[in-house]
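Both of the next two complexes hold chain A, though its partner changes from chain B to chain C.
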Partner chain A sequence: MSRPLASVSGLAGLTVPGSYGAKVGELGVTIAERTGLGIATVAACKGKSEALKAAARKAYGVELPERSIVASGRDILFIGTGPGQWLAVSEKYANEELARELAGRLQGLASVADQSGGRTVIRISGPRARDVLAKGLPIDLDPRVFPSNGAATSTISLMGVQLWQADDTPAYELAIFRSLSGSFWRWLAASAAEFGYEVKPG
Partner chain B sequence: MRIKCPYCGERALEEFTYRGDATVKRPRSLESDAAEAWTDYVYFRHNPAGLHREHWYHGAGCHAWLTVTRDTRTHEIVAVEFADKREGT
Partner chain C sequence: MTSQSNRLRDGGLIDRAKTVRFSFDGETLTGYQGDTLASALLANGKKLVGRSFKYHRPRGILTAGSEEPNALVELRTGARREPNTRATTIELYDGLEAASQNRWPSLKFDVMAVNQLFAPIFGAGFYYKTFMWPASFWEKVYEPAIRRAAGLGRAASAPDPDHYDKAHAFCDVLVIGSGPAGLATALEAARAGARVILAEEDFRLGGRLLAERYEIDGKPALDWVRAAEEELASLDCRILRRTTVFGVYDGGTYAAIERVNDHVKLPPAHEPRQRLWKIVARQAVVAAGAIERPIVFGDNDRPGIMLAGAVRTYVNRYGVTPGRRAVVFTDNDDAFQTAVDLADHGVEVVAMVDARAMPSVKAKEIAAKAKAPYFANSVVQRVRGRQAVKSVDIAAPNGEVHRIDCDLLAMSGGWNPTLHLTTHLNGKPVWNADLSALVPGALPPGMSVAGASAGQFGLAACLASGRLAGTEAAKACGFKPKRHKAPKAADESTEASPVWQVETSRGKAFVDFQNDVTISDIKLAAREGFRVPEHLKRYTTLGMATDQGKTGNLNGAAVLANVTGRYVGAVGTTTFRPPFTPVAISALAGHHRGPDFRPARLAPSHKWAEEQGAVFVETGPWLRALYYPRAGESPQDSVNREVANVRTQVGVCDVSTLGKIEVQGTDAGVFLDRVYANTFSTLPVGKARYGLMLREDGFVMDDGTTARLAEDRYFMTTTTANAVKVMQHLEFCQQVLWPELDVQLVSVTEQWAQYAVAGPRARDVLQRLVDPGHDISNEAFPYLACGEINVCGGVPARLYRLSFSGELAYEIGVPARYGDALIRAIMMEGAAFGIQPYGTEALGVLRIEKGHPAGGELNGQTTAHDLGFGKLLSAKKDFIGRFMAARPVLADANREKFVGLRPLDREARIRAGAHLVPKDAEATAKNDQGYVTSIAYSPSLGHWLALGMLARGPERHGEVVRAVDPLRGEEVLAEVVPPCFVDPEGERLRV
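Right, the complex of A and B next:
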């Protein structure tokens, strides 16, 4: 069998690790691409919701969320993106391996589609992360209304995003369509500049 | 105008697409004597000053079809449900 295609970041050539923007006070924002992730969409087959939930519980020890929150299963995150729909993200099952893994375990219960070549995932963290996102995301991320396991599907500057909170630093992870990586990056760099930001290697 | 999606929560109008009257029923018959029913279904709409049940699609969010009850005089939204009752269950 021939060697599989090597994965190339949607941000290749656009991001260079280093410090950028304002250099006063503490660093506002840290940005890092998450590369090599397995990404897949999971959609429940009609009438199979309960069986699917049972299979996910058994295979990954996770309760598939019925609202827009993120749930951690064994080696896979499941993000609620719509009724009967989830975005699955994994480090262990890298690239298209995740879709293969899920399709095998959830056969007949859910439609699984590989998205690992179609999304770019960016982690935005630090004390000013919310201020940066507030410039484009029409959703309030304040902890009083957005839970620490919260997720949302919406738009930033008219670009579709799927976002979930990764920790209380706070850190957020955003999946954007790969072909919009450049446009999104320009929006992010411009929006983070006033707070000072560091780009970490992916 | 903001719509409170039963899945996503309150979202701005730009995230949704309007489809129209949620109360019209597609005729079952394709026979020629059903022409009048088809004309009603495709072309004729009431234009109420008051409550209107209508379909909206949450295209920039959860991709669900919603049935929204809106007051056409004030744009006040009095109810939002999944158009497909099986969704979210």
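Right, the complex of A and C next:
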């Protein structure tokens, strides 16, 4: 019997750690895949928004955001993606575990769907991170416009993307559809090359 | 190598310490860093640069900017060869290679120049009138011949090896142009705290200040430019040099092209050649300057005739004189400054010809200063010299004609504000009689104009209007600008009264140099009734060249006005459209070339399938395995083997690409009852059902299976092609039609890797994968059962007993991260049972053999009744499409309905798309009774078969019809049969 099944990243074979692109001056961008994350969509049930928020406050100490921003709860980030809709991301509740955890705690208040296998999450950081993203993302990431806990659902180079700011390095994390990992990676490598980039192990 | 014979001894913004070698038409020449190709050619005494489009007339350099109509060259060689680049905008770099174009065998001796002899018959509309008959000759004979004779440069034939970038930028204030007005704007806006982008077409900031000898604050204007540049760098201002804003779009969106590496031989590694910017600006200030007008007179296109402002640019900016004996011919004061600038550099000015009826005091002063004879109220009426000006005839008001030897004729008919960007959203320029020019009319929201673009021609006026524009733009963005000291400058005299054209001159008088449109073409067009600029443009091609008539359009309007007895303002001009200057297709494509033309979605088994040598096919955005050929197999062999293996043993196919939607909530069942024609609220948990979805208009939209995983949780699948459309449809229903329902939708297409395992041995394979404790026997897990299980030692999975092939089959789903491992596991465990992968081609054959409708049948024109699904239309509930599906026309018994077709000659192949006509009827549209939607070679039956839509089809089983394919000239006699060819009772899938 074939067991256990290996978990394979959508970027398998593409993200080889090392330095790439132009090698002039300061390193422009650092790129790392974030593997093993729990990812799930959470959608409030009809008329249960307030109860859901109270449950989330109690369980994770978080105020579920009604805007396109990230709210950090205990061990889980909640990113507002629409009215009554969130993308939950967690390191602690890895892979399929997060959806199970949330479905258990939010039973009857929200519908939860596991997306941990369907997304590739990439962290892009460094002084030129915004310049790289500007080559695809039609959203202004300038700190005067985009808050440090900002998030966005948009497209990059014709590919759907969910993006949130991770810190003020600046660092951004991008969730892309797994099936588009290869196309996205080719866009990213081509766009980051002129600034010089380093691929770090996930 | 020639010396730079026309380089002035000193002056110019060039670096004389840095010699740059380049070649033109194979001849090696030198210039200096800071030159353009045009200035370097002039420095080397090269006046003849190209041949014209239609008449192959010798042409030189007319301007010093992006409006250049004549000096078009092929730049670079091989795959990087770029035709029709303007020598006036190409920065000189070491190793630059350029060639003249549109000439054969050489620039000096061009065979096609014979066209000039036939000029009388090459007038406006010539092609349309002459090559009318026979019509069939147009494509084959006339057009290719004309294209050879009247082309311009040659595009590269190899793929562009360079990388092109796209980028987005955002700002409070976008300033377009960095002349005095643009710099003043940018300074005021940035000082107020606004986020500014300053875009400059040139490689140096300064605009017209680079070409003139103006003073600001009592010092050379360039000192002020330098200080402004430094100050802007210290503020929040991004300066984009070599960047042309070429288009204006809705919502404050501007398109710009940055020539990142056009000024070097090869882009440095990892850098793009060009970058396409999409700039979103809250406010934009157009400070793009002005473009000088030529005067229309006979042979005004001879090499050596140049715009007066351009002459000053070459002298002052590049330290080059375009000639040694100069004549200035103008109708305004500004152009006479050219005489001063030339004289100051020791160039002899042999005549100043003023076309205005009233002599100008200023002009007389200048003539005295430049020691040049001044001809008031006179015109240049003849030019001698074909490949270079040799002399001109000046006609004085008393009838005397003065022949004057010269090698440079600087002309000016006044200036036109560069207002193109103000018209991209349909703004109409308005006539300003004082300036004798069109100035911007109503502006799009958020845009203002400053400086010469706004008709403010003097330097002081430019600075003042720039300061005002910058302040106002910052205020509009919510900033509170403080007052800053104004730079001091004088306004030069711009007094002008345009004469437009010299009626008495001899020779062809060009209005549009690039398209070879002359006064007589415009007169002819007017005589033939083309009296509106838009009509004139189409008939004569005036303004339709790559320069969009930047130097010629208003002169054309003036000629038309003259002929039709109107004033220029009443005639107006055509609409300018993006792009302001030509943009390379490569730049518009950016990263989206070749395999990245669009993103490709790869299925979870993709890498494994590649290893198996699969041939892939694009299905919507996905790449799917089409078939898995083995050594020596033809595509058909491979498909036949894959199909046969499913029917006799077991096969596996990646079906992850189907749309997958989780429908959750207490009203999920109600919701599905409304979006599907059949009922789902009664579906037991642990069961799946085929579902048919109609559009609002009653036609079939999509189909798929939906499984009930829990009381309040369904898992819907859609076809691969319609996945996005169905999700949008459901979201519309949820959010707009029935917001009161407790239902939540989320796409989980990406989450699940799903494989169909089909064939008599399917259960044997699955049993070796499923963890102990799950009973998948036929009794415990019958056809259409579904459930959440674990496989391969605890991996969460979903198992569905569904069959598209008609065989015993399962679909198994695991989180996509396990997809690669699962396909390998299935293949390994299935080896003992003869498992083989099958691709979408085999999938298609299997479903055609079973008569399942798919893409060809669900074509948007078929109803549930047409497809034999009438019994699925629930009579017990309402659903989308129910009412409209009951329209009489959709219930018409004569409608084309779903049938199978079997060729009478078992060797024959019915063609997809063939028309069905009665056996004894003629194959005419009148007798057309339907069409073939799908065809396949059936390895199970050993012959070709087909599915189609046939009028009253189900009543005609057994009848023979003709499947006529007029496209290929084939026809086949076919028997009408029920659509299901294999196991019509469906016994195999229930075992």
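General remarks:
Just so we're on the same page, the second predicted complex is superposed on the first by the 196 of 202 C-alpha atoms of A that agree within 3 Å, B and C clash if a C-alpha of one lies under 4 Å from a C-alpha of the other, contacts with A are read in each partner's own complex, and residues count from 1 in each chain.
What we mean here is this: contacts are C-beta pairs under 8 Å (C-beta built on N, C-alpha and C of every residue); 3 or more make two chains touch, one makes a residue touch a chain.
What you are looking at is a predicted structure, and each value in this text was computed from that prediction instead of being measured.
In the superposed model, A:Thr81 makes contact with chain B only, not with chain C. In the superposition on chain A, the chain among chain B and chain C reaching more residues of chain A is C. By the document's definition of touching, of the two partners only chain B reaches A:Thr153; chain C does not.
Of the two partner chains placed by superposition, only chain C is touched by A:Ser7; chain B is not. Of the two partner chains placed by superposition, chain B and chain C are both touched by A:Pro138. In the superposition on chain A, contact is made by A:Gly21 with chain C only, not with chain B. Applying the stated contact rule after C-alpha superposition, one finds that A:Glu66 touches chain B and leaves chain C untouched.
Touching of chain A by both chain B and chain C, each in its own complex, is seen for residues 46, 138-139. Per the touch definition, chain A reaches chain C in the complex via residues 1-10, 12-13, 21-22, 41, 43-47, 95-96, 110-111, 113-119, 131, 134-140, 142, 144-145, 157-159, 177-184, 186-187, 190-191, 193-194, 196. Those residues of chain A whose C-beta lies close enough to touch chain B in the complex are 46, 49, 66-68, 81-85, 138-139, 152-155, 160. Within the complex, the chain C residues that touch chain A are 163, 165-170, 195, 268-272, 278, 280, 591-592, 596, 598-604, 607, 622, 662, 664-667, 713, 740-746, 748-753, 768-769, 791-796, 814-822, 824-825, 828-829.
The part of chain B that touches chain A in the complex is made up of residues 7-9, 11-12, 14-15, 60-64, 82, 86-89.
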